[in-house]
């Protein structure tokens, strides 16, 4: 479907289609201005934004190389790279959206979690690994000292918290905001991002999601990628500065975030554009932790330097 | 007949009433609309849904997929079932494939399905994976339970094989086939919606149900659920009509 | 008997071989291990899996859930099926409930299931929602097809109702029941795994399969899938054994 | 006490099968019923037994009685052995020990002792008929409805069973309604022989047969007269 | 050409049913077979027809022939009407028009013209038997295997059918193997009457019956002699 030719200069009229994907939810948030306004990425370049609702659909498009650019979890990017799927980390966009929400449980420091029942999302996923890592760094054995149970998706967990059926939940944004808006009892008690910074002494929280670019596409159309990254960084900055306006766009474009909470969710989403070179140390730190704790989540090894675009 | 069908309707209505009341009480008990909305709230949402412009295309898309999956399952189930019923060798040849189709988790092959088929067809394929074994199993059981004496008679009178199949085997397995078909038809809607949730076609009850779910519009989730149940009711009724039409002889 | 069972094994083995070769060729064609691993790679993963310490508890947990779901479905299906088969009124009372159970998408009620049951039991409940209608439908069909002359005979000779149920109805519906049970048993593993993916219990093939899947450890996904298929094979064989033991008379 | 079948009518979807059929018979008699194939004999027994209702007319004397109905088809449970098929109708009524004795007794009578553990599918046509016969005899009843009980049996067996039946009846008199196509059988067994018309069945005539059983032999001239009477009745037009 | 059943043996799970049974019969004859219930007559017909194989022994002359087998049970398809049940065995062999004619002819012969659109479940026992009979007659065959064809029929119908059958056979001679329990029937129909022993069945004796059909009446003394011979054979011990 990419009608490009080997030498773009030879056929300038040729249109280039750029498929950009993200999963419904926070990963799509920073992109909302682009989704809404579809800024030009160059002459004859047509960008198509697909916000996938089903992780399987997004996965299948990445595995079959159908996407040129996509916003996905960083560990998934590393994993795909390690498996030989031709995607590179183009830029960082989100630095952690994980919070512990309490629904009546008296918790305000990590030690308070000991002996508690906590619900989290998706056993074995990177967010789970990070949570377990932070627990164990605080001297809490995730398998013994707490009673962890899981929901398949954040929606169900959010519903449980809203209904007061669980007293502690480790939730991602924007579901945190949803819960807070619907259940006045609920409050954020712990911020996994801050805890990460505290424990690892980094200046950045964990590198949760990133933008990947198809390697072949990047090689063929570097200028398109450059333009995209510029627009993307714009978009993220704009969202951070104009949460209300961003919320309006989110409402208009339905990216799976309940419009009422988008505005309050944005500050907690830690959206920040960072080029891949700049982000590399933080990303590697993050991947290193995953590597130690659960190597499968990043494909069994640390990605080499070519991972970074 | 007249009074008994009135009775039937009354009993069914009473049963539905009890169900709705139970639902209402449970909803009150739970007290959280976003977990279990009341029937009234669901009804309100349903009215909004049904009167919205996009309703029928969505419903028809799902019905189309369900029917397609069902018909392919029926065709494959009957043909392969007959083949397996006829020949022991064919049975044992097919058995591993049927077992694989029957027990392979959808999750394991969903990515393959999405890559190989377009998102409109994935639910059809997934439905096939559940409905086909139901129909196949019942057809094979029907053949195993065929009246061997009638078969001997037909062979003795040198009736052509295709006549034996269509005029002796098919009517014999009909009760099994109808049981399988009616169960399959009932389950089809649940399965097709689950598959639509996985593959997210543009139009589909599953797609809408998932969107409603993510938006915590639980009443809307239940409204779509009721739509699915109503579809199931309608097709169940159709199958029952076919059943009585086919069974004039006993 | 001896030679025919050897033949059976050969035919089945040949069929499995063809399947594995097809799989291998498809895997080569696709050329991406993370989309479709080769049988060899899957086998390697299986060996790693089976020899790991956590393997058996996981498998046993899933088998336990599957069996529990199956047995409850069987019990409910047979009892309610008999009740519905006996009395038209009961049938019409139950019908709406069965339709609802049969066609309600799991997604719509998963949250209720999570609230009402613990995560170990949720898969059992979800399995029930699919297996019960299969067995119920077949039992009802079996009763509809009961030999009315035998029934008249039993009534004439004033045989007690519970004897009529156990000694006339049950053997009569056996072919239908076995067809339903064997289909249900086959589908059970697929369903239980899907449900484990939804409820994520600590131990369970579905939980592990899902983790492998989000890690793109596709060979491991397929290894777990093969485990599910093997379980299905084993239980299919057990059902067949029961079938031949129960059917000594024809 | 007596039985009355009082102007019974029965139609199946417009086909008149029984029309104004009237019978009044004494208790504890063997009533033989002759009539063309498809006349309505089985339908009559079905009405008497309550298996199907009459359209019009009344029957009296049969209510609350235990009835052994030997159906026209054997109606054996295919998944039960010969023994268990008989036991099926005796259970909960008779003690185990007594049941064993009764079953053994009647299996011996129909010459199937060696086949007590056989399933119906392993029996010959006549053998299945005999099991059904043994079941009807074994069941403790006041009324016996028998629809061609000895069909498919050979000459000798028929005679043996006929004689055994008479002996049984003499020892313990029950009311028997005996449908047959065999005129000789009717002559040898019946105390009253009803001849039915062709469909719609009604009583064409009834021939009493007061000859004591021990005198009913081939050359008994009184019996021959009755036989002629029956033959005349059968061939007469109404 | 002739048929040979050459020392055939058959056992079912240890139960010896047919033992060294030998028969040699000419073509186009009516062979009647008498024997006790459960002897092995049906088993013999099943072996002849190829439904079941013999354990030992050979049968010859039957291969490649079209056989009309009137089974001991009616074996009608419950979902087909009387007419369609007969049509079922004629289709693809005979043109539609001819089939209609044949079906009408034989339904008339068994007196079921009015019931051509009935389903088996709506027929009486004797009527079902007659449909099976019509089907066997209608099917174009060289060999007729008939297992108690006239059972369950009334006296008059039996006679009519017997006569129709003889007439049919005289017009178009076929080889008939006719199992019956009715000695009179065997006498009136058979050209050779085989009497079998009780299980295990073997030939106890064979009685030729050369009397032409028009002379076979009740008072024919030659026929009575044959009857006596058969009675003696039946009661003799081997």
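In this document, chain identifiers A, B, C, D and E correspond to the written order of the chains, with residue numbering beginning at 1 in each.
Everything that follows uses one rule, which is that a residue touches a chain if its C-beta (ideal position, glycine included) is under 8 Å from a C-beta of that chain, and two chains touch if they have at least 3 such contacts.
Per UniProt, the chains are B, C = MetI-like domain; D, E = ABC transporter-like.
From a predicted model like this one, the values you see are computed outputs, not experimental measurements.
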{"item": "Partition of the remaining chains by touching, absent subunit C (MetI-like domain)", "value": "one piece"}
{"item": "Touching both subunit B (MetI-like domain) and subunit C (MetI-like domain) (chains)", "value": "A"}
{"item": "Chain pair, most C-beta pairs within the contact cut-off", "value": "B-C"}
{"item": "Gap in Å, rounded to a whole number, between the CA centres of subunit B (MetI-like domain) and subunit A", "value": "38"}
{"item": "Centroid distance [mean C-alpha coordinates] between subunit D (ABC transporter-like) and subunit A, Å", "value": "86"}
{"item": "Euclidean distance of C-alpha centroids - subunit C (MetI-like domain) vs subunit D (ABC transporter-like), Å", "value": "50"}
{"item": "Subunit A: positions in contact with at least two other chains", "value": "59, 63-64, 159, 163, 165"}
{"item": "Subunit B (MetI-like domain) residues counted as touching two or more neighbouring chains", "value": "30, 35, 111, 115, 197, 210, 213"}
{"item": "Residues of subunit E (ABC transporter-like) touching at least two other chains", "value": "73"}
{"item": "Arrangement of touching chains [line / ring / star / complete / other]", "value": "other"}
{"item": "Set of all touching chain pairs, with the criterion as stated earlier", "value": "A-B, A-C, B-C, B-E, C-D, D-E"}
{"item": "Of all residues in subunit D (ABC transporter-like), those that touch subunit C (MetI-like domain) in their complex", "value": "49, 51, 66-69, 71, 73, 75, 77-80, 88-89, 91-93, 119, 121, 135, 139"}
{"item": "Of subunit A, residues touching subunit B (MetI-like domain) in the complex", "value": "24, 52-54, 56-57, 59-60, 63-64, 155, 158-159, 162-165, 178, 182, 254, 256, 258"}
{"item": "Complex interface listing, subunit B (MetI-like domain) residues touching subunit E (ABC transporter-like)", "value": "149-150, 152-154, 156-160, 163, 167-168, 171, 248-250"}
{"item": "Touch list for subunit B (MetI-like domain) against partner subunit A, complex", "value": "30, 32, 34-35, 110-111, 114-115, 119, 197-200, 207, 210-211, 213-216, 218"}
{"item": "Subunit D (ABC transporter-like)-facing residues of subunit E (ABC transporter-like), complex", "value": "12, 34-39, 41-42, 72-73, 122-127, 130, 147-148, 151-158, 181, 183, 234-235"}
